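Same chain, two partners: subunit A is paired with subunit B first, then with subunit C.
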Partner chain A sequence: MKNSQLYKGSLNTIIMKLLGENGRMYGYEITQKVKDITQGELNITEGALYPALHKLEAEGLLDVEMERVDNRLRKYYKLTESGQKETVNRLAELEEFIRNMQIIVNPKLA
Partner chain B sequence: MKLSVTQIDLVYKFTLDHFVKYYDLQTELVDHLGNGIESQWIENPTISFDEALQNEFKKFGVFGFMDVVEQRQSALTKRYNKLVWKHFKAFFAFPKIIMTISLILGLFFILKNILFDNVLISVFVLALLIYSFYNMIKNKKRADKKTQLGGKRWLFKEIIYNYGNSFVMVSLPLQFLIHFPQISIQNNFILFALSTAVVAYYLTTYIMFTIIPAKAEEYLLETYPEYKFSK
Partner chain C sequence: MKQLSLEKIKFINSYLEKSDVIFVDIRAELTDHIASAVEEKMEAENLDFYEAFKDFMVDNKKELLKEKNHFFPSIVRFSKTLYKWYNLAIALLVAITFYFISETILPFINVLIFGLIMCFYVYQTASALITKKRFAHLEQVTFSLTIIYFGSLFFNGFYKDFHGNFYSLGIVSFLLIAFLIHYCLTISKFNPKLFVR
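Entry: the complex of A and B
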């Protein structure tokens, strides 16, 4: 991931936000979606994505579904009810963080 | 162009060769690598399967799948611990709490009225060890039989049958026996706390060695929606 230290803390929120918007998604789809939205600026690495997904699943924020697609099994992730609530909280937290950062980095604009 | 069934099998083998032993994780990685290879073919149809596979693998970084495997292990261990905790809490809720309290009080009176020496501790520890090992062997036979039938290894299943890697649990009372061969406790409060701790310990062992393995299939289905496809 680009500038990994800065983005790392927000990876879970990014995943949850995308799942909130798109319903269910599979791992590869998430990496592509992020790349598309940010026009290639942000690249979620595979080595970071799956651990994050598995952690969110273990925390009960994500649920999984399996489907057979093109001769192979595909694992879809979607938000659970508690995951949906948590997404709202985490997005609010992230927005607050962005606001504060803006104040620090560029006091005139804020 | 889509991956053929033979190529999918090759990708499964590739993950196995790169130390991903578990079918659940292999399946997710195979789909991911497959998608990556197929999108490379869209951009460059002449690229070979092997080359495309290597390109995708490189994206996982120098440690390959290691991180993914380790993190998956810790996520599922957490799930297992939660499961143990859920069962444990049930013993402190109605109606099971009646039995739990009776056990604690029973133990308290035994400890209070009978000399608490190393013979008594030995009986407790030995009973626990025999019980644990007997169930370990019994569960292992059951798990092996199921693995042979399905031929696939599931990470959560191994965690269940390795009891969350908590062999420390079994050796702890043994340590206790070695280091505190003789204890004389007069204080009722300490004696009660000790009885509670011992009962909690036995209950946890019972949950891990009997309750959860008995319901293993149910928990595996809950964890892996694909489990039912692959038996």
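Entry: the complex of A and C
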């Protein structure tokens, strides 16, 4: 990930937001979606994405579905009920974080 | 979009297997990721499969294989199933059954529980050795059984040293039944046979 230290803490929230908006997605689809939305500025690496997805799944925030697609197995992720609630909380936290950072970085604009 | 043939998918799978990605389900996920990326590369840059695969792996192999065999042991997903209606019904059934059980039979039930847990571990180990396939999801689920096992040891004691009661044994019995249901549901969701090709 570009500027990895800055984006690291937000990765789970980014994943959950995307899944909240798009229903179910698979790993590669998530990386491409983020790349498209940020016009190539943010590139989620596989080494960051899959551990994050597996951890969210282990925490019961994501559910998975396996399907045979194009000669291989595809694993789709979607938010569970508790995942949907948690997404709202995390987005609120992230928005608060962005507001506070704006105050610190640009106090005149705040 | 160019679709990779089964032979090319098997090539990717075999490459990952030789790169020590030991869990079948993690390997399947990475295979799909690589295949999707390679298909896109072949389309965008007009490359053949091997060129696109080589280019992709040169840039991404390190990241792809970074956490290749890591999974998160967790009891969270199992514990959330305890509130499902079928588990609540089982809890009620176990409670009623234990209400009518004689105290003299409790040590025998304790031994039976340990026997079932040991049989399960033997089954899972033998299954992995015979089929030479390990599934991260199933091993993650088994972590919950380990917690149940040690919990039972603590509250009920080992087979000649039974010091539990109706409640502690009833709870462990319920958790064991709930675990077996959760394990079977996990298998049905992932259907290990899907991975065999």
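Keep in mind that, in the parts below, the second predicted complex is superposed on the first by the 110 of 110 C-alpha atoms of A that agree within 3 Å, B and C clash if a C-alpha of one lies under 4 Å from a C-alpha of the other, contacts with A are read in each partner's own complex, and residues count from 1 in each chain.
Just so we're on the same page, contacts are C-beta pairs under 8 Å (C-beta built on N, C-alpha and C of every residue); 3 or more make two chains touch, one makes a residue touch a chain.
Since this is a predicted model, take the numbers as computed values, not measurements.
Visitor: Should subunit B and subunit C be called a clash or a fit once both complexes are overlaid on subunit A?
Guide: Result for subunit B and subunit C: clash.
Visitor: Looking at the overlay, what does A:Pro107 touch: subunit B (first), subunit C (second), both, or neither?
Guide: After superposing on A, A:Pro107 lies clear of both subunit B and subunit C.
Visitor: Using the touch definition from the top, say if A:Tyr50 reaches subunit B (first), subunit C (second), both or neither.
Guide: Touch partners of A:Tyr50: subunit B and subunit C.
Visitor: Does subunit B (first) or subunit C (second) touch A:Ser82, or do both, or does neither?
Guide: second
Visitor: Out of 111-119, 165-173, 183-191 or 219-227, where does subunit B run into subunit C after the fit?
Guide: Stretch 219-227 of subunit B has C-alpha atoms clashing with subunit C.
Visitor: Between subunit B and subunit C, which residues of subunit A are contacted by each of them?
Guide: 26-29, 45-47, 50-51, 54-55, 57-59, 64-66, 68-75
Visitor: Which of the residues in subunit B end up touching subunit A in this complex?
Guide: Contact set of subunit B toward subunit A: 2-5, 8, 27-32, 34-36, 39, 59-61, 63, 67-68, 71-72, 75-76, 78-79, 224-226, 229.
Visitor: Taking the complex as given, what residues does subunit C use to touch subunit A?
Guide: 3-6, 9, 25-26, 28-33, 35-37, 60, 62-64, 66-67, 70-74, 76-77, 80, 136, 140, 189-191, 194-195
Visitor: In the complex of these two chains, what residues of subunit A are touching subunit B?
Guide: 26-29, 32, 45-47, 50-51, 54-55, 57-59, 64-66, 68-75
Visitor: Quick check on the complex: what are the subunit A residues that touch subunit C?
Guide: Contact set of subunit A toward subunit C: 26-29, 45-48, 50-51, 54-55, 57-60, 64-66, 68-75, 82.
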